[in-house]
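The first chain written gets the first letter, and so on, giving A, B and C; residue counts start at 1 in each chain.
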Amino acid sequence: MFDNRTTGLLLVLPAAIFAAVLFLVPVGILLSEAFTGPDGGFSFGAYVDFFSSDRNMTVFWRSLRLGLYVMLTSAVIGYAAAFCIVQLAPKSRGRIFALIILPLMISPVARTYAWLVILGRTGIVNQVIVGLGLSEDSLRLLFTETAVFIGLLQLFLPLMIISLISSMENMPRDVIPAARVLGASWFNVFFRVIIPLTREGLVVGGTLVFAGSMTAYITPAILGGSKVLMLETLLYQRVTVANDYASASVIAMILVAMSVVTNLLLKRLAKPRNRKVAIQTKKVEAMT
Amino acid sequence: MSDFVKLDKLTLAYGDVVAVPDLSFSIGKGELVALLGPSGCGKTTTMRAIAGLMAPKSGSIHIDGRDVTNLAPSKREVGLVFQSYALFPHLSVYENVAFGLKMRKASNIRERVEEAIASVGLSDFTNRLTPDLSGGQQQRVSLARSLVVEPKVLLLDEPLSNLDARLRLEMQLVLKDIQRRTGVTMIFVTHDQSEALALADRIVLMKDGVIVQEGSAEEMYNAPRTRFAADFFGFENIFPGDDGQDRAWRPGAITLGDGPFEGQIRGMSFGGDYRTYVIDTERGQIKGAVRADLPSYKEGDKVRFDLPMAQAVALDAG
Amino acid sequence: MNTSRTASWVIIGLTLLFLIGPFVVIVLAALTNGNNLAFPPEGLSLRWFIKVFTIESFRDSFVISMVLAVFGTLAALVIGVPAAYAIVRYKVPGAGAVQLIVSSPLIVPGIIVGLALLRYLVIPTGFTIFATLFLAHTALILPYAVRVVTSSMQNLRTDVEEAALILGCSRLGSFFRVVFPNIRGGILAAFILGFVTSFNQVPVSLFLSGPGVRTLPIDMLAYMETTYDPSVAALACLLAVMSVGIVFAAEKFLGFSKYV
């Protein structure tokens, strides 16, 4: 009945052509630009120039570093929060879950803007620091890597929590009590039962958070300014300030490559879950 | 038999995988026929082809003298009760049953729909949404929905398999009653020989897309002609005779306690009116059923038995 | 047991404080009567909320963002729903490639798309910024539309459509009478998701702004660079309330979260 390939193709074609023409073609041209030398031939010149600049390398490593920090921190907080949330009765679980995803629906500009008020010269944090006498003068918190880190963490933590909650909800029932009855300490329960069983959630959440942090624009733009540039703010700056399309194209390539790699990772690593979970379950079952 | 539904040299395939090669059979008007066979035997594929949900690679299908081979499902005047019932989840019972009539822009829709709903005993549920109904009720809605448009052929996919024992019997009676009342030709697909025996006027036994045997329920039950058919209808003991011909016995046909052969009891299962023994013998394992009021055997007991020729069914080779 | 319960609520509480606390701060900061963005606010008033509506560029960019979000999402659904239907129901040749192409807007960072469209569509062809923004937002929402509708299609069994065909429906008729009513919730959910995504979108629009054509979030960013008064805070509050309100209503009336 539904084996008519032509009909299927006709239904898919408008969307596919639209995405291809409007998306892939211009983006492809943009990316290819970095491989074009001044004479119009193929060249790695733009890459050599880009990576030999200290300023660019600083930004590159900073983006990687911040992405990594945000990912690791969100994993730690995420596990604690997700574990607590999963234990709740269904009704309050639903409510808390709604509160966790609430920020995702709100404009990132609004979300990040709040940190200006909190971390500014006369912001809450500085009021507390000065008020407690920890420092004579107010500290410069804004336009630092810390500020960007905090902003990114707040922006992306919900993704980690959601992924972890969903894979914790998919854990076979009663494996934790089963492990406890078998004499596992909470430490062992966490590292030998919970983490292996929620690996997919961790990978998915981690990838989302890492990629999101590395390719963020708004947070470094507002909280980092021109002092703490990240890849996207650097790209914007190169284009608008210097008309430096070669660098922009190289950054674009880095961002796309990152994004493609993380997406492939998501696809590859998320899939074997069922098999893994089945094996883990069997293991626990065999112990009980 | 007349050729009310006629399949001629039908070949059905999924892509390059042929599910049914060269199938031909005919069904008379008003007949209730079972397509019986294990899963993957092509029975459901055949039914879908009759409904027009699958285009045949070659061959033809005629219904009431009309070639419907290339006709859209909506033009074939068939009804199909899906195994999953396939009710429209967003519509009420009434709207589900009225659907086909509305498509046909029929007259007296309200009257006919209400009558159809009443005939399956669901008048109290007319305005319910279908996902709120029980499985048995959903099936009856599906039945009413298919019948209200007065199809020439009613197809049913595993009509009893999702029901519990009590509902099964009820549904059997409903289907028989429909056959009597409306005279509609019915073809149903099942993997369960007991369903086929209980319902069908005629059984078509299929294996790997090929008809193995067809006949009345009694013929099939008493005189299977091949090992496959014998096995399917409960002849669990099949042995080659001294003359080279295979013979088959039901467990109940075996006499225990006396006879020319000897074996050892391997295990027993108690079935209420009778006990079934698994016996290790020189010829391999046999199964024998004995009335429960007769003396019983323990595991390990030596027992004599007979395979009475009078009770044996002789099978074709192959 | 009780201590672990308390500990658990403390962890949840701190997490929520970190995630949601900043909004409370920004709401209070926006309610200030003073001229500076500060916390605690210097007296309470709604003057900054009122001021927002008098800033002309905000009004203009709000309309632009609204139009982009509504019509961009509709356009994405018009091409996305048939694609989703085909992907679920048909053996589409090269389905994997097609899905990859359709979902590529999720993979390519928006800022690059904006730059690419500016350089290779707007500049060489003279395509207007607004039309380009519209196409870019449509493409951006397309993967969401396809994904959400695909997942709501998945619950609808094929045999329900077959039943409609046998009962006399045409293919198109069975789509509108049987498929559509059953995926309406998914389509609405996709619309809301697309709307919120498009409305709050920054990177794609970053390079696609020109004289008189700017989306609201871009306008806010620009305003923040020059002016440090609480009006952006007030606007941020209003937008947050709008987004949350829409999503909350969607959840309440159609169980939004089960589709996303």
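Here, a residue touches a chain if its C-beta (ideal position, glycine included) is under 8 Å from a C-beta of that chain, and two chains touch if they have at least 3 such contacts.
As the structure is a prediction and not an experimental result, all values here were calculated from the model.
Undergrad: Which chains, taken as a pair, are joined by the highest number of C-beta contacts?
TA: Answer by contact count: the chains A-C.
Undergrad: Compute the centre of every chain as the mean of its C-alpha atoms, then state which one is farthest from the centre of subunit A.
TA: The most remote chain is B.
Undergrad: Counting in whole Å, what is the centre-to-centre distance of subunit A and subunit C, each centre being its mean C-alpha position?
TA: 18
Undergrad: Distance between subunit B and subunit C based on Cα centroids, please, to the nearest Å.
TA: 53
Undergrad: From the mean C-alpha coordinate of subunit A to that of subunit B, what's the distance rounded to whole Å?
TA: 56
Undergrad: Of all residues in subunit B, which are in touch with two or more distinct other chains?
TA: Subunit B, residues with two or more chain partners: 53.
Undergrad: Taking each residue of subunit C in turn, which ones touch at least two of the other chains?
TA: Correct list: 162, 165.
Undergrad: Please output the residue numbers of subunit A that touch at least 2 other chains, ranges allowed.
TA: 1, 3
Undergrad: So in the complex, which bits of subunit C are touching subunit B?
TA: Touching subunit B: residues 156-157, 159-160, 162-170, 173, 177-178, 181-182 of subunit C.
Undergrad: Which of the residues in subunit C end up touching subunit A in this complex?
TA: Of all residues in subunit C, those touching subunit A are 7-9, 11-12, 15-16, 18-20, 22-23, 25-26, 29, 36-39, 79-80, 82-83, 85-87, 89-93, 95, 98, 101-102, 104-105, 107-109, 111-113, 115-117, 119-121, 135-136, 138-139, 142, 146, 158, 162, 165, 196, 199-200, 202-203, 206-207, 217, 220-221, 224, 232-233, 235-237, 239-240, 243-244, 246-247, 251, 257.
Undergrad: Spell out the part of subunit B that touches subunit C in their complex, as residue ranges.
TA: Touching subunit C: residues 51-53, 72-74, 76, 78-80, 82, 84, 86-91, 99-100, 103-104, 142, 145-146, 149 of subunit B.
Undergrad: Hey, which residues of subunit A end up touching subunit C in the complex?
TA: Residues 1-5, 7-12, 14-16, 18-20, 22-27, 29-30, 77, 80-81, 84-85, 87-88, 96, 98-103, 105-111, 113-118, 120, 122-124, 127, 153-154, 157-158, 161, 215, 217-218, 221-222, 232, 235-236, 239, 245, 248, 252, 255-256, 259-260, 263.
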